[in-house]
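Two complexes are shown next, each including subunit A; its partner changes from subunit B in the first to subunit C in the second.
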Partner chain A sequence: MSENVEKYIKRKVYKSTSSRIAQKFVDAGLEKIRACINCGTCTGSCPSGRRTAYRTRSAIRRALTGDESVLKDIDIWLCSTCYYCYERCPRDIPVTDMIIKLRNIAVEEGYILDSHFGLANDIFYATGHGVPATGENNKKWRDLRESYGLPPLPPTVHSYPEAVKECQELMNAVGFRKLLDNAAKLKEERAQAAKKDKEE
Partner chain B sequence: MVTRGLKLKIGLFLCDCGKNISGVIDNKRLIEHFSNYPEIHVIGDQYLCSELGLNKIIEEIKEKKIDRVVIAACSFKLHGLLFRKTIEKAGINRFLISFANIREQNSWVHANEPEKATKKAIDQINMAIEQVKLLKPLEVQYSSVLPSCLIIGGGIAGIKAAMVIADAGYKVYLVEKEPTIGGHMALFDKTFPTLDCSICILGPLMTEVKDHPNIELLTYSELEKVDGYVGNFEVSIRKNPRFIKEEVCVGCVDICRDVCPIDIENTYFPRKAIDVPYPQAIPLFPNILEEYCIGCKACELACGDRNAIDFDQKPEFLDISVGTIIVATGLKIFDPSILGELNYQKYSDVITTMQMERLFNNDGPTHGRIIRPSNGQPPKKVSFVLCVGSRNKKIHREYCSQVCCNVAIKQAILLKKEYPDININIYYTDIRSISKNCEEFYNRAREVFGIRFIRSNISAILKSDTSEELIIRGEDVTEDALFENKTDLVVLAVGIEPAENTDKLSQILGISQDSYGFLLEKHLKVNPSESSIFGIYIAGAIQGPKDIPSSIAQAESAAAKVISLISKKKVELDPHVVCFDEEKCDLCRLCENICMFNALNIEKNHLDIIQANCTGCGACAAQCPTDALYIPGFTKNQISAQINSLLKDKSEFPLIIAFLCNWCSYLGADLAGISKLTYPTNVRIIHVMCTAMLNPSLVFESFFYGADGVLIAGCYPQDCHYQEGFKKATTRYESIKQMLAETGINENRVKITSISAGEGEKFAQIITEFKEELENLGPIRPEEYTKPISRKEKAIDKAKLDEI
Partner chain C sequence: MVKENTFAFFLGCLMPNRYPAIEKSTKFVMQKLGYEILDMERATCCPAPGVFRSFNKGDWMVAAARNLCIAEKLDSDILTVCNGCFGTLQEVNKHLKENKEHRELVNEKLKLIGNYEFRGTIDVRHVAEVLGYEVGPWGIEDVIIRKVNARAVIHYGCHFLKPTRIREIESSEGPTIIEEFVEALGIESVRFKEQLTCCGAGGGVKAYDGTASMRIFGEKMKNIDEVKPDFILDICPFCHLQYETGQDYLNKNKSCNYDYPVIHLSQLTAYCMGMDQEFIGLQYQLMGREYIFGGEEKEEEVI
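Entry: the complex of A and B
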């Protein structure tokens, strides 16, 4: 068979289907996903999907049929967890929880957005805060606090730098660090492979 | 009690049920095991219930001179009567038989644990053997059957059933709560898939019912009370006042109606305070709605000399006796207001299929013209939304309503026929055009009429900001695309619910409901028109959503059951009613107080038993301190023998003994099997008629001999077959718990719960949870527990002691 024809056929065939992701849902106690009848209520109810390319039903469906490309799709990060889909699902599937689980799986497999990785690694892990008050941009808030007679920094980890270590220990213990390192490693590997492909 | 000295020969018949039983349980091992018992003769067969199997039972009984029989097969609820009749043919009293339910309550629920299932089967059969040894022959009692039938509900099902029974020559009382018979069918315009006019096919039937010499029509009437039993039901009926003298009124209708000043505002059912529901109403008497009438008496004046109006009419009460009852109360239309996203009621252009039906109907508010309710103009674009109030777990209506797809297709076709330029979209999840000729009908809608079908469950109905139109939003799942389509009129294809007040009705009649409130049939497949009570039958949409042909089919099947019962003239009564051992009685009068059926009466130092009144609940027997009262088949000795045989050689830990009531929980356990659910093997079921017949001493005995837990399961209090049986059991349970705590046994080892016949899943769940709980508690041991006693209680106790 000529290479071109093969390429053409391959494109038509459902790529890389496996029950791996579906199994992960089941392991997490979310086997209800299998009850989906593809009625489209979730997509139609989604306020995010009305403005973006995010389609709740097809994301879930792709996950269920084992289409792993859903993990690298930026769309799954567009859900605002408003729970409309869960509220209206006629099969009582916790759709929003499914999307959150799908994100968990994506990160486990190294599909994490750069901004998320940055926030998690450079800010949250480093300072113990999701929104730190120390940066130059946040000076106005510190000033505001002082105008009320409060210390410029709140009595959180900010005021006790030694506690940052404790926070990090905690994050290590629950596997947060490992998750980030693994994601970074997988991401790097994939970038290398892509580069190699391109060179060839 | 035991026939001492006399050697019994017990025949144990083991059924393979194809692979249903032998696929899990090792029947060969069972045969080997029980062959070692000297008094037992074991026979295995592939299908005991087949002609061959039954003949084999008869032959073996005769040949081996067997005098008692144990059947280890499916639930006795399925073939119990068949086996009883079979052994009777072989010359054994039909009550000298015991059943081990090794299919529904064993092989079907323990398919993954063949080893444990086999052990459980041995236990079950041992229990049955011990029980059968102590059984005594009983005589069947007969009762006469009154040659009449009460039919509740005058819709198409009630009408058809009434015709069949009346034609067979028996008396029928047809009770309808509305002023006219005809039900929902009379309100429709056309019927699918033939598109013939609904009232044109129903009207003649309604007239026929009215004129039939054997049918007594009781419209505007409701059921108040039902007593008695099969063949002899005592029914009291309340006839609401129409404020019309029916014997005088000639049904000219327009004279009184036209002068009435009160218009009752209702878009789809407009009427006057005095009016008939529709011109074809049967009987054609107007009625006055008390809550709207202002008492101007204009109608009385208009009626003139005929003087047919009577403002002082009071409800009448009517007592009748009937042999049988058919319940055909039909359906209620789902109210879509609870689905907020559809904005029904908020926007008047969102209507239901039933309201659409009224628009189509010539007698409707628009005389057959289709308009947008908001502006009275004909719509150019119409959308149908399917599965509203059906197939939805969120609102606990998981069932498919069966008719809504066809109704929407029918209305779309009618619209297209009337207004060829109209644009129609049908939004569906799955099209289920079941019933004969309906798929072709669906195809015609697409092919001939060009109706557009879009696969989508609608997510929202909104109002357009810029125009009068509505916006319908959803995902076209085949295209993977969101849409917001404009439309003039949205028709919600609403589902079917059981008729209003079915809860109350089922309590009056003492019959069971399923989890949605529909009436529960005796068996989904083989007894679809029988209720849980002998002599009461069900027909039409009250059993589950149905279209007209299926309702009629079931009505005629219920009618056939009624005729077959009436024409036999007599019916067998259950001989399991209270018996009395006079010598033991010390006239303590406890039994007299607990019986609510007036079956026990103490007069002149003597206890009289009125067996006809006894329902066999056994509450008195369990209460009797001297065991003078007993229900044959369920005596203390017979149950205790089962417990003993089970615990002599405890085969599993934890071991739960479950006492299940005959009417609800035993059927619930069977349903778990029929639904092929799985639960742990650790439960051994003992069948009782009612939880009220459970003597507390049997619970203590269970623990004394080493059971780890006891489950008592009965009906929901309001569904109890014996009115207050489960309540009595609950009261007793409290004292059982207290006494257990005092003897040092953890009170959590005994549980009481309600499991209805429709709750197989609940049964499986309860067993699973109870087993886990017992595993945590560990095997039963004496002094395992001391009840925590509050200081206050201690002080009270001490004060009491001091006083003494």
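Entry: the complex of A and C
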């Protein structure tokens, strides 16, 4: 990239894209978003956007211009991270990474979907796997493994209970546990407030 | 120095816990080709590049680095059979090799649980790339005992090739690596409309909004049905799951009548290298249970 373009995207004052969320993008090393020309190639390439209300360009634009309602817009969870937008962006912006960052900010502020919370908390944190083979419900999968001459449980964390604890320690240390607890707490508070509003 | 012709086999979640036939086939293929396959003991979920990275990218990176360290201790490159695992591990491995600041941050956290340090000594490989480029169609021809004469549609999935500037395998808009490889196995690969788009499972979409996921998938299936292949060939257990459960869903809810067998590249290659059809495991899958590979045994050359 030419030096001037580099200077252009790193310059400090650019009012329309200097919202709180825009700053978070910049802090995460995604300052390249300032080179966006709003061409909409990301939206046009999106297989999810074609069949749902999710619009890539619009979601990022809203984030940059300070429309914080985008964080609670469940449409941002319809990106399947297929990377077409990232591949085709004429300005070389890592668009998918922007959506991921937007989701990271949403989770930080308590906008986590129930199904994802369950996956993170009850499955990944509890077992170390995203799709486990432990538990009574999964016996048929262990039997299937055995029928192929494989051990009923793979030699992953599944075979080493102490490794599950080790991973939980690691997830506690990096703040993942806290992130989930905080998201759950904020979510609960919002639900209570909404309930109160309704009663009044 | 990483050991030659040796792989630390990263299992992930879906393959060992739902499709053990793919695990069995991959081991069979790689060992027959002369590779040593090592278990990655105590490995976790990669963690998935869609849903887990969406919570916090930093945490995702640390959890992935722990898995990478397990392979580093074995002095072996990682072999994955899943686009998701490949996406996570390849990206984090490459990023931490290049970014000193993040490497130090990650190592600080890893130190807290004991003997883990990311050193950046290994590479992460996908079985499709090892078979397609390293073994190659030229190399597989000598070791297969039979060919499957069939028409198949190939589903590349997303994270195997994209983003191209990180994966650096080949163009994501017109790849041919798998087509060329399976041609040597007797497969005629059939192009179909929008072949390279997503199956609709990734990014946490399947977990959160099954209907949206099925809308993306339904169109995919419609396009596949137009060319009437013998089976669907994939290189990712998550796409595999989507094609299996998705067809079932469409049959039950959208009055479709699909029964296309879904076959992973490892399963197909294992069959051609002599593994019994019984171990390919179609009878335990949801779709195409009755399907039996056609084709013929390769004739011995008479000298």
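As a working rule, the second predicted complex is superposed on the first by the 179 of 200 C-alpha atoms of A that agree within 3 Å, B and C clash if a C-alpha of one lies under 4 Å from a C-alpha of the other, contacts with A are read in each partner's own complex, and residues count from 1 in each chain.
We take it that contacts are C-beta pairs under 8 Å (C-beta built on N, C-alpha and C of every residue); 3 or more make two chains touch, one makes a residue touch a chain.
Values in this document were obtained by computation on a predicted structure and should not be read as measured data.
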Given the alignment on subunit A, is it a clash or a fit between subunit B and subunit C?
fit
Identify the partner contact of A:P161: answer first if only subunit B is touched, second if only subunit C is, both if each is, neither if none is.
neither
Scan A:L119 for contacts with subunit B and subunit C and give back first, second, both or neither.
second
Could you tell me if A:L170 is touching subunit B, subunit C, both of them or neither one (first, second, both, neither)?
second
Using the touch definition from the top, say if A:R55 reaches subunit B (first), subunit C (second), both or neither.
first
With both complexes superposed on chain A, which partner does A:N38 reach: first (subunit B), second (subunit C), both or neither?
first
Of subunit B and subunit C, the chain that contacts the larger number of subunit A residues:
C
On the A-aligned overlay, A:G135 touches which partner chain: subunit B = first, subunit C = second, or both, or neither?
neither
Now for A:R91: first (subunit B), second (subunit C), both, or neither, which partner does it touch?
first
In the overlaid three-chain picture, find the nearest pair of C-alpha atoms across subunit B and subunit C and give that distance in Å.
7
So the subunit A residues that subunit B and subunit C both touch are 87
Would you pull the subunit C residues touching subunit A in the complex into a rising list?
11, 13-14, 16-18, 20-21, 23-24, 39-45, 47-59, 62-63, 66, 109-110, 112-114, 158-159, 162-164, 172-173, 197-198, 200-205, 207-209, 212-213, 215-216, 219, 279, 281, 284
List of subunit A residues in touch with subunit C within their complex:
28, 47-48, 51-52, 74, 77-84, 86-87, 94, 96, 100-101, 103-104, 107-108, 112-113, 115-116, 119-120, 124, 128-133, 138, 141, 144-145, 148-150, 154-157, 159-160, 163, 166-167, 169-171, 173-176, 179-180
As the complex stands, subunit B meets subunit A at residues 341, 387, 391-394, 429-430, 455-460, 473-477, 480, 482
Taking the touch rule as given, give the residues of subunit A at its contact with subunit B in the complex, in rising order.
37-41, 43-45, 49-50, 55, 57-58, 87-92
